[in-house]
Amino acid sequence: MNILNLFILIPIVMLLALWASRNLRQIRSVMVVGSTMLLALSVYLTIDFISQRNAGTDTPFLYTDSMTWYEPLNICYSIGVDGISVAMILLSAIIVFTGTFASWRLQPLTKEFFLWFVLLSLGVFGFFISLDMFTMFMFYETALIPMYLLIGVWGSGRKEYSAMKLTLMLMGGSAFLLMGILGIYFGSGATTMHIQEIAEMANIPTQVQYIFFPITFLGFGVLGALFPFHTWSPDGHASAPTSVSMLHAGVLMKLGGYGCFRIAMYLLPQAAEDLSWIFIILTTISVVYGALSAISQTDLKYINAYSSVSHCGLVLFALLMMTRTSCTGAILQMLSHGLMTALFFALIGMIYGRTHTRDIRELSGLMKIMPFLSVGYIIAGLANLGLPGFSGFIAEMTIFVGSFEQPDLFHRTVTIIACTSIVITAVYILRVVGKILYGTIKNEHHLALTDATWDERFTVICLIICVAGLGIAPMWVSDLINGGVSNIFTILHP
Amino acid sequence: MIPAEYYLVLAALMFFIGVFGFFTRRNLLAVLISTELILNAIDINFAVFNAYYYPEHLEGFFFTMFAIGIAAAETAVAIAIILNVYRNMGTIRLKNLKKLKF
Amino acid sequence: MILNTHAIIFMGLALLMVIAALLAVTTRNIMRATVYLLFVLFGTAGLYFILHYTFLGAVQVTVYAGGIIVLFVFAALLIGKGARDLTHTSILRYTAGFTAAATGLALTTYLIFTHQFPDVKPLTSVVPINLIGHTLMGSDKYNYVLPFEAVSVLLLACMIGALLIARKR
Amino acid sequence: MEFTISILALPLISFLILALAGMKLPHKVAGGIGTASLAIVAILSYVTAIQYFGAGRGADGLFPTITPYNVTWLPLGETLHIDMGIMLDPISVMMLIVISTVSLMVHIYSFGYMKGEKGFQRYYAFLSLFTFSMLGLVVATNIFQMYVFWELVGVSSYLLIGFYYTKKEAIAASKKAFIVTRFADLFFLVGILFYGYYAGTFSFTPDVRLLASAGIVIPVALGLMFIGGAGKSAMFPLHIWLPDAMEGPTPVSALIHAATMVVAGVYLVARMFPIFIEYAPEVLHTIAYIGAFTALYAAVVACAQTDIKRVLAFSTISQIAFMMVALGVCTSADPHEGGLGYMASMFHLFTHAMFKGLLFLGAGAIIHAVHSNERSFMGGLRKYMPVTHITFLIACLAIAGIPPFSGFFSKDEILTACYSYSPIMGVFMSGVAALTAFYMFRLYYMIFWGKSYYETELKKYQKGEIAEKPHAPHEAPWTMTTPLILLALVSCIAGFIPFGKFISSNGHAYEIHLNAAVAISSITLAVAGILTAAFIYRKDSNRVILSVKVQSKKFIIAAYHRFYMDELWLFVTKRIIFKGISRPIAWFDKHIIDGFMDLLATASQAFSYSIRRFQSGNIQSYCIWFLHGVIILALILIFLV
């Protein structure tokens, strides 16, 4: 059997097992076993993929498989992976794994929470392994819907509002997306919705591309927090429970970037070439604007959400720069941002769980009370502002170097503007670190608080190791991704 | 021999009188009465078509008969419901029955 | 059209039915409405007799006039004052209802008179009762034992249902 | 030279050990690990230097550039890749010595200085991290590796400045230091990107043809890189972080903010010198002018400070500016033809690291003794702290440029280079040098001479005016004095090193010969400066000084406030960026953009409410509409179709 099917099967089995489990112990063991299996599987997949590539297989996708699903519309369950999807699957598995531990003590309705959580991850994995546009879209929707309940039920603050807003905006995005997919399918005259086939036919008329590129890009862009459709992100993240924030910012937002690249740009290359300038402007605004907004926020999660807007903006920005290096950088940034934000949200959730406030004006001197979490926070912050040795640095540098390969004035200018974000990032990160971790303790009640428990430590350490590992040894990931990007570029820039 | 059209016109008249009553009455019982009028008009039509155009068959005949039977059943249930509504809400005025409304 | 007995009876019945129907949907007293309905039902039974469907007329009289009207009367009596509350509806609704009904009527009449019906093959004698019985109980083509059984089950269900619904708790 | 990898590895390992297990280790063990690893690193550095310079010059008369390690760390596109490796050439070997020596001294010194402090292990961990990053920076094989370590240096500086994390000023200072340097790094990065694109490589030795065809871009790239260097090296107007950085522990100031990290900018310019001199001499001269202005500015400000560490900080800025000037006045790669400044700059970097480290460590000893940075708590300390006094005096003499101390030789070379560039520059820099002598000895006299604060307090106590007996200042423990003595010795003899034999602008040996005119004039000026300082500050309340002070009160106050540069920056950041841009953007986002999205939602809700009446739940109205619809459809079907 194709190994990729396991990424669907394991979550399904987990769902059944969760449904059957009777107490907290069983739920936890199902989650731990399942997520560990997923992680192990994804690691195996990565290793096997690399060794197959090294052995010289150079088909665009490996582990391909196809099964017709619905004859009249030529919908197939086509799966397969290239370097990019392998990286994304690995990322998702890590986040699901750590997310499990981050919600170790979640109450109430633990079982239901994990049911939705697993359903969400099922959607994510399905999205990354599918090669059929419709199947992809279906998994995309599968991943979106649980979000509504996860935020609406287990969230905090104005959770109903946020959940509604997030879902509505993302649904609006998927409406565009569906239009785009159908446009591509009928425009190309293909016999299936298989991405590779449509891309190789390459016979979508330019006029049609001009219509459907913006639509598709926008559809995915909403999920990638493209300015001005990013406002679901701050509210949504602020209300979401910890592990959901992690999964959402860590993986779900990456679906946007991945889709933009895999569908919008890959299948509509001509329009991508000609119309990219519009979106470059928007993403440049995203990058700088998100960072600047983050400076004056007072809620920790808002700061991080705006920072995500900025970083995810950089992902789309790099994709639109359309050089091999910048696109590799974009994927690296997706990986790196996924890990870093997950780390950040995990830490914020842990701090919030203790102090019951996320307002940076009310927090101070946490370093004395919870040194482990504080050190974790500083490391996350430093990673976020692009310190060498962490993943953020290699991703940003790859992006900037790649963007510089476009020698004309417009691209140069926006690249330099985007570069300024690294300074602004430093400003808001250090502001937060200085305010909440350093200094003296203002609130007497905080003195009684405890440092991280074992499950929290485990989550944080896992993520830090991943962030640092990616930052110290970027070669293999970079190669892995580069392979996938190169394949796409044979179509994008023949 | 009376032309079939006469019957049909009569039935149509009764039908639309029933419809009119259905629209304008504000009382459940009265609405039900209007419904009976409508049903009756239809029954007449069935009988007339059968008797005038297809006398060798009995479809219309039986249809009317079953319609009468079912109308009786329907009325019984409807009146039971109306009585129940009245008992629970103290009124059978349509305007006041809003409990199930969003 | 020759003005024969049938015709005169038909005209009388028609007049009675239309007037009674109009009164039934306009009167404010529910008891009166019930009685007007009774007239209409009797009129209908009369029409069936004219059509030589005597059995049908009998059914109409027993089931409708005998059964249903009794139900209405009991309901009206049980509800009492509440049933008498027959305030009229808004003028807007009234007009809307009237126009709809009038237009519908006009349209239907127009269709009746313009439509080409097949040739008339009138019934000359009363439908024999044994034919009705055989058809109702037969299981061949154009026989109705299955609907008959279905209706009997339905009636049973209705009876139980009506009991359940109206039962005092 | 394969063993050089351990020069990098040891501090890193020590950092990791201390960071992961540090808090559980006893203080002595933690400090011991850090110091031991550093001692080995220092020895290895000396061995490297001896082997490298001992191996002699190659056939072309140059010391060969050795690259024992160079691995591709991150490939970027087809041609570009970031490499990580070790490159040994004269200046990197020289820097290895400087860094490992000063770092070792600071490690030893900190045993005494930081004794009993909470977070002792953390302190040593950070020191190791810093040393690792700084060593990585100097041995970088390419500009991007340099940038990588440049950032790491910045962050370790951030962590060390903010070491006392409960202190408000320290937090602010660390933040400021990081952000200001980061701001400068942005330019550095853009410069690197330009350079990388047009040179097709990040290495220091690019393809000459590519550079020549790039035109104006290379000077721009180099200029941007210089801005990055200016941020780290505290050139005006990016110097504002350095005085504040003195909030960190004093040994850290000695190591990072005097001897090593702040000269990274100079090192960067020196590294890129061949390209500068070939393709962007104008940029180089601009650097000279910026440096000259910074030197003067910092020297003037230093004259008015009362916090002894601040004085030293400004003196550092001024001295680094000297090095920048020296690099900037070069007009050719040949040391005989106007390329002298390169060698002078490196020489000054070397000597300055030693005596400025010494000054800071001395200041640390004093602060350790009197528990304050303010000069009003000092005075007359020479009796109480003899060792510190002598070593501090040596350092002051060195920085003032009095022979035979090391500063004289290097500064003399700088002045010679300046005179050969243009007499005006020479005279200007000589003036600044005199000012240096003045403010250093002002400091010296204020600390060690004049009325003793302790004695005054003691008298008050004896008279019964204050209840508590003041603590007597005491000499520092041996762990602190040993590094002082060692560094003082180095400061005494370093000037006699035939520096030009090892390092020169084109790599060929260069014989240092003192320019008699310059030497004599600079000595005269220095002595004049010292005498003025002695005249004014040796005794308290001199009449002349009072009248001068009164007459130039405004100027002194302005200088004390560093000519309001901080306020200007604060205005830009707080008022313009934070209040003027960030707040409005956040508001805009919340109310306009999000408001628009909400408006969409509210509008559709309002619309649905308006058509909600159709769904009245009233079966009669449904039927009316239904019948109307049926009739209309029927009419259409009958009459229109």
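Brief remarks follow.
Each chain gets a letter, A, B, C and D, in the order it is written, and its residues are counted from 1.
We adopt the following convention: a residue touches a chain if its C-beta (ideal position, glycine included) is under 8 Å from a C-beta of that chain, and two chains touch if they have at least 3 such contacts.
None of these values were measured; they are calculated from a predicted model.
Put simply, the chain farthest from subunit A by mean CA position is C. A straight line joining the Cα centres of subunit A and subunit C is 69 Å long.
For the pair subunit C and subunit D, the distance between C-alpha centroids works out to 103 Å.
For the pair subunit A and subunit B, the distance between C-alpha centroids works out to 63 Å.
If you average the CA atoms of subunit A and of subunit D, the two centres end up 37 Å from each other.
Counting partners per residue, subunit D has 620, 624, 627 as the residues that reach two or more other chains. Residues of subunit B found to touch two or more other chains are 19, 23-24. The multi-chain contact residues of subunit C, meaning those touching 2 or more other chains, are 93, 96-97, 100-101, 104. Which chains touch which is summed up as A-D, B-C, B-D, C-D.
In the complex of the two chains, the subunit C residues touching subunit D come out as 93, 96-97, 100-101, 103-104, 107, 111.
Residues 615-620, 623-624, 627 of subunit D are the ones that touch subunit B when the two sit in their complex. Considering their complex, residues 620-621, 624, 627-628, 631, 634-635, 638 of subunit D touch subunit C. Put simply, subunit B touches subunit C in their complex at residues 1-10, 12-21, 23-27, 29-30, 32-34, 36-37, 40, 43-44, 47-48, 51-59, 61-62, 64-66, 68-77, 79-84, 86-87, 90-93. Across the complex, subunit C meets subunit B through its residues 1-2, 6-7, 10, 14, 17-18, 21-22, 24-26, 30, 33-34, 37, 40-41, 44, 47-48, 50-53, 56, 59-60, 63-64, 67-68, 71-72, 74-76, 78-79, 82-83, 85-89, 93-94, 96-98, 100-102, 104-105, 108-109, 112-113, 117-123, 127, 131-132, 135-136, 142, 144, 147, 151, 154-155, 158-159, 161-163, 165-166, 168.
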